[in-house]
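Next up: some structures, all given as C-alpha cells.
In the two assemblies presented below, chain A is common to both, partnered first by chain B and then by chain C.
For the complex of A and B:
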C-alpha cells in the first residue's frame, strides 16, 4: 500500500539463544511521527537496522517504501535521513567537505536549505568534524539528515548526552519535517518527555516484543494513576484485572490502571477500598509500569 | 495568544490546547474575529507536532469556538452572550467539582465549605475595596 512507509511482518531476530525480536509486527503510515521507546537492549536498534537494510530478516518480512531494503539498499537509503547517537560522521572531514560529499550522494539535496541550516546551527565551513563538540557534531549530522528532504527521517536515540538547546534543535527538525506534507518521522528515544511532545503514535518494545502500540492521545486517555485507600492493611498488592503496576504499603496503594476506572469499583468494594484520587499519567509512568516489573502481584 | 503545554501531563496535548483556547475565548482575552496562529507556526512555537495542533483546531471548529476557511486561516467565532456565559459557568463548575472532591477527601462537611466560601468572599471584597481606595 502506498500509504505505508514501513511494513514489518512476523520479524524474528536471534542473537545466539537470545531472541532480540520475537515475531514483531509493525507498520508506519505516511505523515506521522512515531515514537519508538523501550529499555536498552529491548530491540529498538535491531528493529531500526532492519529498516535500514543493515540486517537481513531471519524470518518474516520487511518492506520500506514497498521494497525489501536488503535487496535495494541504494533505493531505500537515498530516501531515509538517518541520525544515530554515534553520528557515524567521517571525523576527518571539514564541515564544507561533508556538505559537498552529501550533496553528491543524495539526488534530492537542497543547497539553499543546507545553507540555512548551517547558519542556524552555527557550523563554520572549515571546522573539522573531529574537533567539534558533541552537540555541534549532532547538528552536523542533523544537517545531512535533513537537507535532502528525505521521505523518512529516522532518528535513533538522537538526543543521548546532548544539552537541551541541541535537543530542541532536533525536535524542531522533527516538526519541520512533518509539517511538509507527505513526510514521515521515526524517532527512538529513552527521553520519554520528548517522545510525548512530538509523537502521533507510540510503540513500546520490551524484550523483543511490542507491548504497546497506539495513538499517543488514546494512550493518554486510557491510562490512569489511581490512589486507593483500603479499610484494612493489604500485605501484598491486590490482584485486580486491568492493573499494570502497584506501589504502596499498608492501607494506601497507588495503581497504574488501563481502562475505565469505574470498572475498579466492584472489586474495590469487596476489599473495603475506595478511590482517593485519580489522574492521567505520563508516558514515563506507563513505561515504568510495563518495564519496571517490580511490585507486580 | 499564549499557551502553556506540559507534554508529561496526563492530559493529551491536543486537549490542553482546546481547553486553553476555550478559556481564552470565554474570558474575552481572545475576541470574536481574532485570528489564531497558523497550525505550522503554533507547532513551531510550542515545539509540538503540527498534527496535534490540527486536531485541536478541528475539535474547536466542531465545537463552534472557531471557524476556519482554507487558505484564509482560523478565526475565533462570534458567540452570543448566553453561550459565552454558559461557557464561563462550565469552566467554573469544573473548578468547583475539584473543590468538592478535595473537601470530601479531607472530611470537611459541605456546610463548612459553604461558610468558608462566604468568609473568603468577604475577605476578597475587602481587599478589592482597599485596592480601589489606594488607586
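For the complex of A and C:
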C-alpha cells in the first residue's frame, strides 16, 4: 500500500444550512502532485483548512501524516509548507524578519536555499511586506513555505490575480518540489492549464462533493468532445448516459462524453444521429462540463 | 447638491443614525436642564455629561473616519472618496468644516443649554476650540499616508492626550482663558491646513502606497540573516514583544518625557507649608500639579492598548484567526505564554521607568524661606507632618502598576474569547460601564466617603462580582458546547473563577471589618477594597486562554 500523506474519510462540514463538504473521501499518497479544482465556494479551501487543522471535522476523520492535525498541530504543521491566495502574511514585518521568524519553527530550514530563493524572487531584506506588490508578497509567502523543504506543500489558489511571471515562479516551485524525492504537493487552482501542467492526479469538487478523482492521464483518455448531427431537429439536449454537457441547437450538437465513445452509437442510431468529429478534451472543458450550468443533460 | 456637503454625507452615511441620536440627545439635555434638582439629581446629570462626552468624541471622530486603522501606513480617508472627481480643496473642506462646526456647536449647546442652566459655570470658548483642534489635528495626522504606522499611532495618542490636557493644566497654572483659546485656535488653524495637505498627499501618492512596489531588479539587497532565534518560543516572544510588549514602555516614556519638560522650564513656585520655625516651604508649582498624574499614565496607555488601539494580529476582520499565525507549528500554550511574558516585560520596564521619573521628581529641591534647599520628598520632616500621604501615594503607585499589568493582560486576552461578538462588544461595554461608575462616584463623592454609606459600595461590589462570574459561566458553557472533550480544563477554569470570586469577597469582608482600625484617610479606603477585589476576578481569563485560542485555531 502506498504511503498515505493525507487520508480523509466521510468528512462533513456545514455552515448553517449550507453543506460545504458532504461525506468527502479522499487520499493523497507520497510523491504525488494533486490538482484540486472546483468553482468558487465548491469547498476547496474548506478541505485544505481541514488538512491544516484550522477546521475540525464535524463528522468523519482527517489524518495527515497518520495523525489528527487538530490533536497534534505542531507535529503536522511543522511538515507542511502552506501558501494561500490571500497571503495572510503579517504585513508589518520586513522580509528579513519574516524569514528569521519563520525559520525558528522548522528544524529543517535551509538558510542557503532561503537566500537563493530571496535573490531569485528579488526580495530585499529591508522591504516591509505591507509595501510589496501582491506578486512580491506571494513570492515572500512561497519562500517561507519552501525553505524548510516541507514533506507536503499546500498551495491554495496561490496564483489567483497574479501576473504570469509570478505564476511561473510558483509553478517552478512546484516542479522543484516534485524533483525532491518523496515530497508531495496539493495544488488548488482555477487556472486549469497550470494544474494540467504539473498534476499527476486531479480531484474535482462541486458543491462539497468530489465529482472526479483520477489520474490526469486516465482523465484525458476517458473524456471526449464529440460533434453530432441528427436527422431531425432536437428541441432539447438528448438525455444519454455518459454525456456531461451539451451544446448546440437544431440538428447540430456537441457533447462532452465520459467513457467509451462507442457506447454512444446505439443511442445515436435510435435518434437518427451520427458522429461527425471526435477529439480529446482539456481539463478546462471537463471542468466546464461538470460545473457549467444550463446545458447539462 | 453642494460637493462639500455631499462628501460629508458620503463619509458618515453608514453611521448617520449615530449623529441623529446624538443631536436628539443634545436637544433633550437642553430640555431636561430646566427640571428641578429633585427630578434631575446631580448623579443623573453626571451620567448625562459622561454620555455627552462619549457622543461628542464619537461623532467628531466620524469626520476623521470611524474605521481608520491608526497604525496603518495608508491614509485613513476612504479610498473611494479619494477617487471622486472633485478638487482636493472641496474634498477636504467639507469634512474639516463639518468637524469644526459640529464640535463647536455641540459644546456651545451643551454648556449654554445644560451646564449653565444647572449653574455649573464651565468655560465656553476654549473647550469648544479644544474639541475643534482635536478633530482637525486627528484629520491632519490620519489622512496622511505615512512610512511608519507606529509613529502615527504614537503621535496620535500623545497629541490627542496633550490637546485634551493642555487647557485644564494651563487653567490650573493660572493662564488666561483668552490665551488658552488663542493657543487652541492656532492649533486648529494649523491642523486644518495640515489636513488639507495630508489629503493632497493621499490623492497623489499612487493610491496611498508610499513605497513603489518592488520589482525584480539587480538592486535587491539581501542581507545576512541576524542571529537565528534559539527556539520557536523565543521567536514567538519576539513577535509578541513587537506587537504588544514594547508599545506600553514606548508610549509611557514619551509621555513622561513630555510631562517632565515643564518641571525644568517652569520657575513658578508656591508655598506648600511652613517649618516649625514658621519659615515658608515652597516648591515648583508643576511638581504639585502633575506628580499625581504620573502613576496614572501607564494605566491610561495600558487601557488604550488593551482596548484595541491597534488591530489584533490574532483575529482577522471576519473573526477567524489569521492563517499565518494559526499555522505556526507551536503549541497553543506556548503562544499564550509568549504573550504573557511580553506583557510582563513591557509592564516591568514601564514600572521601572515610572518609578525612576517619580524619584527624579521628588528629588527636585523644595526651597525653605531664607535660601535652604531640601529634596521635595523630605519636606514632611521639616513640616513635622504625617507620613500617611506619602504612604498613600506609594500604595497608589504600586496599585496602579498592578492595575496596568492587569489591564494589559486582560485586554490582550479579549481576543481569545470564544465569541467574536463578545470580543467586539467587550471593550465598548467595559468603557461605558467604567464611565458610568466614574460619573456616579464623582457625583456622590462626599456621600460615598461616609462610613454609614459603605453598604452602597458593598452592593455595587456584589453586583459587579455576580456579573463577572455569570459572564464566566456563560463563556465556559459555550466552550463546553464547542469542546465537550475539554470539559476537565473548562471545569478547572470555572472553579478558578469561583475561587477568585470568593477570595475577592473575603478580601473585601476582612478590610471592611477592620476599617475602623485604620488610620488611612477615608478617600483612600472606601472604594479601593471593592475595586481591587473586582480587578482580581478577570485575571482568570488568561487561565482559559489556551482553550480559547485552540477554539479559534481549530474552529
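The definition used in the following text is that the second predicted complex is superposed on the first by the 294 of 297 C-alpha atoms of A that agree within 3 Å, B and C clash if a C-alpha of one lies under 4 Å from a C-alpha of the other, contacts with A are read in each partner's own complex, and residues count from 1 in each chain.
Here, a residue touches a chain if its C-beta (ideal position, glycine included) is under 8 Å from a C-beta of that chain, and two chains touch if they have at least 3 such contacts.
Everything numeric in this text was worked out from a predicted model, so none of it was measured.
Overlay on chain A: chain B and chain C fit together in the combined arrangement. In the superposed model, A:276 lies in contact with chain B only, and not with chain C.
Legend: residue contacts after superposition of the two complexes on their common chain; A:53 is shown touching chain C, with no touch to chain B. Look at A:132: by the touch rule set out above, it reaches chain C but stays clear of chain B.
Shared-chain residue A:236: touches no atom of chain B or chain C.
Of the two partner chains placed around the shared chain by superposition, chain C is the only one that A:92 touches, whereas chain B remains out of contact. With both structures placed on the common chain, the touch criterion links A:123 to chain C but leaves chain B unconnected. After superposition on the shared chain, chain A has more residues touched by C, the comparison being chain B against chain C.
Superposing the two structures on chain A brings chain B to within 21 Å of chain C, judged by their nearest Cα atoms.
The contact surfaces that chain B and chain C form on chain A in the two complexes do not overlap at any residue.
Interface of chain C with chain A (complex): residues 73, 149, 209-211, 213-217, 219-223, 225-226, 228-229, 231-232, 234-235, 238-239, 242-243, 313, 320-332, 553-555. On the chain B side of its complex with chain A, the touching residues are 7-15, 40, 43-44, 47-52, 55, 101, 105. On the side of chain A, the complex with chain C involves touching residues 52-56, 70, 73-78, 80, 82, 84, 86, 88-90, 92, 96, 99-101, 103-106, 111, 115, 118-119, 121-128, 130-133, 135-136, 165. Of all residues in chain A, only 31-33, 168, 171-172, 175-176, 178-179, 192-194, 196-200, 216-217, 220-221, 224-225, 276-277, 279-284 touch chain B in the complex they form.
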